[in-house]
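We just call them A, B, C, D, E and F in the order they show up, numbering each chain from 1.
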Amino acid sequence: MARILCFGELLLRLAATEGDLIAQTRGFAIHVGGAEANVAAALAQLGHDAAMLSILPDTLLGDRALAALRGHGVDTSLIRRRAGRMGLYFFEPGAGPRPGAIVYDRVGSAFAEGLVGVDWSGALVGGDWLHISGITPALGADCARATLALARAARAAGLRLSLDCNYRPSLWEASGGDARALMGALAAEAELMFGNHRDVALLTGTGFAGEGRDRGHAAAQAAFAAFPGLRYIAATDRRVEGAHSHRLSARIDTREGAIQLDEIGLSGIVDRIGAGDAFAAGVLHGLISGDPEAGVRHGLAAAAQKHFIPGDMWIGKAADLDVFWESESLDIRR
Amino acid sequence: MARILCFGELLLRLAATEGDLIAQTRGFAIHVGGAEANVAAALAQLGHDAAMLSILPDTLLGDRALAALRGHGVDTSLIRRRAGRMGLYFFEPGAGPRPGAIVYDRVGSAFAEGLVGVDWSGALVGGDWLHISGITPALGADCARATLALARAARAAGLRLSLDCNYRPSLWEASGGDARALMGALAAEAELMFGNHRDVALLTGTGFAGEGRDRGHAAAQAAFAAFPGLRYIAATDRRVEGAHSHRLSARIDTREGAIQLDEIGLSGIVDRIGAGDAFAAGVLHGLISGDPEAGVRHGLAAAAQKHFIPGDMWIGKAADLDVFWESESLDIRR
Amino acid sequence: MARILCFGELLLRLAATEGDLIAQTRGFAIHVGGAEANVAAALAQLGHDAAMLSILPDTLLGDRALAALRGHGVDTSLIRRRAGRMGLYFFEPGAGPRPGAIVYDRVGSAFAEGLVGVDWSGALVGGDWLHISGITPALGADCARATLALARAARAAGLRLSLDCNYRPSLWEASGGDARALMGALAAEAELMFGNHRDVALLTGTGFAGEGRDRGHAAAQAAFAAFPGLRYIAATDRRVEGAHSHRLSARIDTREGAIQLDEIGLSGIVDRIGAGDAFAAGVLHGLISGDPEAGVRHGLAAAAQKHFIPGDMWIGKAADLDVFWESESLDIRR
Amino acid sequence: MARILCFGELLLRLAATEGDLIAQTRGFAIHVGGAEANVAAALAQLGHDAAMLSILPDTLLGDRALAALRGHGVDTSLIRRRAGRMGLYFFEPGAGPRPGAIVYDRVGSAFAEGLVGVDWSGALVGGDWLHISGITPALGADCARATLALARAARAAGLRLSLDCNYRPSLWEASGGDARALMGALAAEAELMFGNHRDVALLTGTGFAGEGRDRGHAAAQAAFAAFPGLRYIAATDRRVEGAHSHRLSARIDTREGAIQLDEIGLSGIVDRIGAGDAFAAGVLHGLISGDPEAGVRHGLAAAAQKHFIPGDMWIGKAADLDVFWESESLDIRR
Amino acid sequence: MARILCFGELLLRLAATEGDLIAQTRGFAIHVGGAEANVAAALAQLGHDAAMLSILPDTLLGDRALAALRGHGVDTSLIRRRAGRMGLYFFEPGAGPRPGAIVYDRVGSAFAEGLVGVDWSGALVGGDWLHISGITPALGADCARATLALARAARAAGLRLSLDCNYRPSLWEASGGDARALMGALAAEAELMFGNHRDVALLTGTGFAGEGRDRGHAAAQAAFAAFPGLRYIAATDRRVEGAHSHRLSARIDTREGAIQLDEIGLSGIVDRIGAGDAFAAGVLHGLISGDPEAGVRHGLAAAAQKHFIPGDMWIGKAADLDVFWESESLDIRR
Amino acid sequence: MARILCFGELLLRLAATEGDLIAQTRGFAIHVGGAEANVAAALAQLGHDAAMLSILPDTLLGDRALAALRGHGVDTSLIRRRAGRMGLYFFEPGAGPRPGAIVYDRVGSAFAEGLVGVDWSGALVGGDWLHISGITPALGADCARATLALARAARAAGLRLSLDCNYRPSLWEASGGDARALMGALAAEAELMFGNHRDVALLTGTGFAGEGRDRGHAAAQAAFAAFPGLRYIAATDRRVEGAHSHRLSARIDTREGAIQLDEIGLSGIVDRIGAGDAFAAGVLHGLISGDPEAGVRHGLAAAAQKHFIPGDMWIGKAADLDVFWESESLDIRR
């Protein structure tokens, strides 16, 4: 059982209910999320010792987020509390040709305002992996500095680093950070990176022609060349056919070769948010036992399942990942 | 910004909730509708000065309907109040091979009982368009007379007339009115008519052979021949594949030619009621600025979107109509 | 109007709401079910004199189940009450690649514990048919004995016997009963049996090769050979494409020949539980008037409709079965 | 077990949910009611053979009402169906100084429109009591005639008549009927009348001075004098302290004397509608076994309990009426 | 019909549902509020021409708030839109000895960030009254400056000024503003002030001994002495007996004398938020027709009623204020 | 921070929603409870290291219960899983004179069936207190034996024992255990006992005359005499005025003397279940720091608060217990 530290912000999702628009909904359903927290929750359910490094406001909303994470089995003892506001996002689920819409409301959160000067070194003791994403450095210069410092401290303390690029143009634009430089510095510390050809293009400054497997391979080679410490690159490839019908494939590249899984169809999607985080958790679950192929298969299973689970977080057990690939019937299990 | 007067009855929809049958539902969800009111609400949201001409009961239900319309930005100052009952309809949404079912309960409403002797002439001042539909004349002889009188008064006052045929056999049968004569008298005043080949056949007494574009063209020519004042005929064509899967196309005919849009698929339909009214509003939105092609494109966009918006009324902004045609991805917009 | 007695256990279904997993649902929706009770409820709605033979606990839960059945028009005057617990099952509806899950919690119910020594002979007076299923004998040796005794008493009293095989491996395993012997003894009394090639294979000890119609035919012949009193065998054949998309066909075999209906597609499934019971009720509805073809058509219509009706029980009227086959449009009926 | 026929209209209550005003409620909760139906439902639960004489529309709403009544154990086989609308009433529950509000919408119902010419004589066969109320004659001249004809036919057939005055000024005003004459004709047939001093004053044309017991006694004497066939008069007396806090007493007068029960306090009222009907059922439950004192005690218990049961109908068993008076503790019963 | 301009921020209330704590609630119910907007909504319903001066974010949340206000009949054409976030507050309703809790989350809102440099002079044209509160100046120096500038511009344009002190210590502490100086400058412009002895003490720097009427009188005299332009001071006095049981009285002082209304009891409180704003609207409703006594009676009626109306805003009509004082019974109105 | 081990069964509460009876409720709200688990959850929230010793079924229901407890911060690592069913109880909340009703359905649970042969000795390592209740020994002979063995092992390992008598006659009757002997054996090990004069009478075989403080004192003296190891006896005294209005006092007795707190009124009760467990947790919270007076005050505060918190478990923080006694106002905290 590995100990994985996940560093990032917890958010409350407030989503319009009963298929309504925000213009008409009577209320918002509450879900706790955050890219790195979603990874932590999935890893804890998969049997790992997952701990969250974060800062929550000392309000009833912060209490709520912490309890939710704890309910999934995540070690929340390292989470700090301070005055401030909770990061929020409002979600209007899409339907048919009407895309879902997100209104972010995370500026000025206790997390973003409180990172400066926090010393996480004690929290790293006993850790095997540190998982971070490109969202935190995109929140502003302070957040970027804190993320890089933590990544380097973790590496110095002997932890392995997992980085989900999670490129969000709107956040980088708002903060004005130099995404290529900041993400490059983080990638230089990473052993495992989640990112597709667009992410690698951002990091290396070079685009990749072609399609599918070829393009994925080229991007991976470029990333391995640019970042000598990198051992694994994993990515999903999503094709959106409608708000509730997507197709998803996944691959993982090592310096020795690649494993590319066939595309699977996902129709009648319930909630696609957090699928990327479920993928990351599944890949880590496999890699921790040294098996990249198991990783990408676990990752695609978890990602696919997440589309049919309400909320930001994957819910299940390790055995469910196997059932996904083995199941012969989709009829009700009595 | 044109001022469009919409004349007709407001109804309360009472719909079984949570996918239940009326036999088992715990309650009814409330939505405010009515064909012409739906047009008014959409036009107001699209930036026009839309006003409703109607009669509501002086009950809590009438208050509710009025507030809903006002919330969408419609000018409700011309709505009259009197004793009586609110027109209702009960709705059991369909699923798969089980068609949706509507139980109308609008007989004896304050609107239908109260139209006689109402003088709307003051309400016409400042108006650019009057929008009516074939539903009101189908409610009975008094309602038919009142509709025709209003249409003629509007024309005399210089307003342009828009008529949605909205042929409902059950209503005409119940009232025993002469649909062809009454609708013909209204069509004779109209500049814009919403109706397909079946509507034109009813008006002209001649059916149209063939399929698709050819039949649409023939019907339009016949209508233009029969009604010299008519300048535009717009219609959608719907193919129902299942309760939640339809295909929809649209066309507009002018005396100069026709614009026919390709059929689009609508799957995972949420609520198809009011799609025709959304189409009418979209067409008017385009025509007001003198552009029939924009009209039919706005109309089909609004009609398609309405299938995925709960309630009788289209909800959105003018920009959403453009997004419908331009959008490259249907994934969540962050 | 025939009088059909249905013998079996009533269960409460407790289902996670709003698409949630059991891990996260705020509450359970309540539905009353039970294979034989579902048949009784459908037959009562179809105009027959359906009566339930069962035992319910004398608790508020038992009251609830009894009232639900009575609301559907079933004669509940023969149901007995005693101390004990209500049989329950918890249901987590599936979505996409996530199959629905059922957690049975029916061990030790008032029904299973109370069957020994109950004399149902008075209840048989005036009955035309007795309908039983393979679920009750699977609950344990006492239940199996009681079922067989009742079947024989019914036959002796001149009733016709209908048997739904309803093979549930988990129940038989738990009770350790000899399924082949016990079901064979019941089949020997039956005039009508619901069961497919797998059920017949269990009864006869011989499997059936081939596919579709041929395999169905072979199984029917084997059953007719094994059970001289058997006149009809009816079965559906289901292909599961996803949690909400199935394909369903049906056939009925007589000693004179077979009627096989084409497969129909069912997409956007709402609730598939009880579809087999709806099929049984539809078949009985036809057979009671002596028309096997009407039976299988009614059966497939009812089974298909049930997939789109929330709860365990089919809801409708006899005319709805005809509408299913005649309907030209699936659009809303106004 | 007596057979009691209850004659009157079934209504659907549509009530604003979650404490909201009709102006803001998202939906209406559905309850089935009607004064005489409420009595029937309570009597059936108390173990009597209660049958409903009514007319329901042949719509999904009519089906719903019928199933609800049947669920409570009422014999619904005498209910007729015809085209028309369902009687409705909309309810906005009160709170504190804000009184509850009812918007009636029962004009033109299938019941009121369909009573003329219906021959109920077959329905009377086997009946012991007929229960009617002053609501039906208030619906219009046809309804009044039909009620009186039925009352007389019942008396001729040997049934005992129970009449709940249920004086509703707004209904009598709307229909323009002569309440005193019509109600007097019915009272002349009644053995049991539910009515207080105001009802008797209406019937006799004389008011009653004084308070409480004295006034009740004087009114009873006047009624007994005016209606020689009358044997029992029962009434509750209500004092309203706030929307959710009332005080209730009850009395029954015979020609031999009166039984007056002390006032009891009802605070935290959940739903007071139907309390009078529960009282009537409780009184009948006692009188049927010839015990007026048991009647008034059962009546007050049922009336009091009804204030704390959602919906129009009392829900319980005969034993619950005893528990009401015997219970030593109001803490949770484990 | 007077035109009253209300200046202030609109907020979304997100409240835990079904009596749950924020720690456990499944979702938040949405209500639109804001002290000055609540006054505008009530005045519009009372028949006045109420217009809102505010700034809303150009998001789906801003759209929602604007539509809600428009639904109540408020003129929203003067509301400006800009980028930014919506002011929020989270509410956990109290029960028994557990007080309700509010988590404010309004820092950095589009309103607070956007007030600088806005020129409202055009908006003042045609106005009779400007209503402001002490909340806006408490939001920060820019907000305070903008409020004072607007107040003075309104006075210069001939409008009468109404000021609700609405002292919120937590807001003043957070912004660090000089409450006495800033509120004093506003009070110097006001003709009508809502404030009790504590508010006057803050403004004048002198506390008031004694109790009840005497203390109220002394405070009013001090305020009249300090602010020569002040003609009316109105206030409620609340005594909290439990989360759902309060007692409320009200008074208005003029330079000629005072009207003090007796305390009334409010038990079973549903939602006390916005009661002070309802009071302000009621007082203005009376004063606009020059009748301070009507003002304070309307004010106390509206305030009392608001405790029993879900949401931030009073809902009703002018006649409801009279009914409050005249009503003889609190039983359901049929 | 003390480590407290709580031993007992976890139950799911399934409660009728929206004030409905079980006869009519649409669904059941889910809450996780169990007397000892409720204590553990409260202690964890109060800052202690609380761990649960229990057995849960390896089903989705067991997962749910475990996650709920973990969400409150309880150490769930000692909980065992096995095949079997989850203990349930169905709850119909009371109102006014209608008492709440509980239908227990816990027979044959995985906990009760699985206790035999479980070795908890490893779980005791590091523990300071063991908390048990009289519920587990009442479940049957095996459960009683296991409880006593655990209690003795804990004492042998140096833990202090806390025993909540929690006398449930219906459980003891069903299992046929000798309550006096079994509870006496447990009391002989306890340092702290929760029980009132009735519990002590059961243990000592002697009743206690008198009222209130005197009776409490006499019972405590008898208990101290009977059980030499006992140092503290704590109890609440409840008077039920109605389903939602109780009065509660509390006392703690030591060998040196007693602290008796005055009765407090609780009106508008939301959910009284679990109040006794909240009391136990509060007392332990105080006693752990050696302060019996703080214990009884914390206990009564927690118990009172629990009446206004939905669910079985107290929710809050240590500071909330102080606020209960210090709070000056019950108005909303902004």
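One rule holds for everything that comes next: contacts are C-beta pairs under 8 Å (C-beta built on N, C-alpha and C of every residue); 3 or more make two chains touch, one makes a residue touch a chain.
Note that this is a predicted model, so its numbers are computed, not measured.
Enquirer: Going only through chains that touch each other, how many steps at minimum separate subunit B from subunit E?
Expert: Minimum step count, subunit B to subunit E: 1.
Enquirer: Enter the minimum step count from subunit B to subunit F; a value of 1 means the two chains touch.
Expert: Graph distance in the chain contact network comes out at 2.
Enquirer: Counting only C-alpha atoms to place each centre, which chain is farthest from subunit D?
Expert: A
Enquirer: Same or different interface residues for subunit A and subunit C, judged by whether over half of the residue numbers are used by both?
Expert: different
Enquirer: Please work out the Cα centroid separation of subunit A and subunit B, and write it as a whole number of Å.
Expert: Comparing mean C-alpha positions, subunit B is 46 Å from subunit A.
Enquirer: Taking each chain's centre as its mean C-alpha position, how far apart are subunit A and subunit F in Å?
Expert: Roughly 41 Å separates the two chain centres.
Enquirer: If you average the CA atoms of subunit C and of subunit E, how many Å lie between those two points?
Expert: About 63 Å, centre to centre.
Enquirer: Residues of subunit D touching 2+ other chains?
Expert: 21, 23, 26, 67, 101
Enquirer: All pairs of touching chains?
Expert: Listed in label order, the chain pairs in contact are A-B, A-C, A-E, A-F, B-C, B-D, B-E, C-D, C-F, D-E, D-F, E-F.
Enquirer: Please give the residue numbers of subunit F that touch subunit C in the complex, ascending.
Expert: Going through subunit F, the ones touching subunit C are 14, 17, 21-23, 25-30, 59-61, 63-64, 67, 85-86, 88, 90, 92, 101, 103, 105, 107-108.
Enquirer: Can you list the subunit B residues touching subunit E in their complex?
Expert: Subunit B residues touching subunit E: 67-68, 70-73.
Enquirer: Flag every residue of subunit F that touches subunit D in the complex, lowest number first.
Expert: Contacts found on subunit F: 18-21, 23-24, 91, 94-102, 104, 168, 170, 238, 240-244, 246, 272-273.
Enquirer: In the complex formed with subunit B, which residues of subunit C make contact?
Expert: Residues 264, 266-270, 304-305, 307-311, 315, 324, 327, 329-334.
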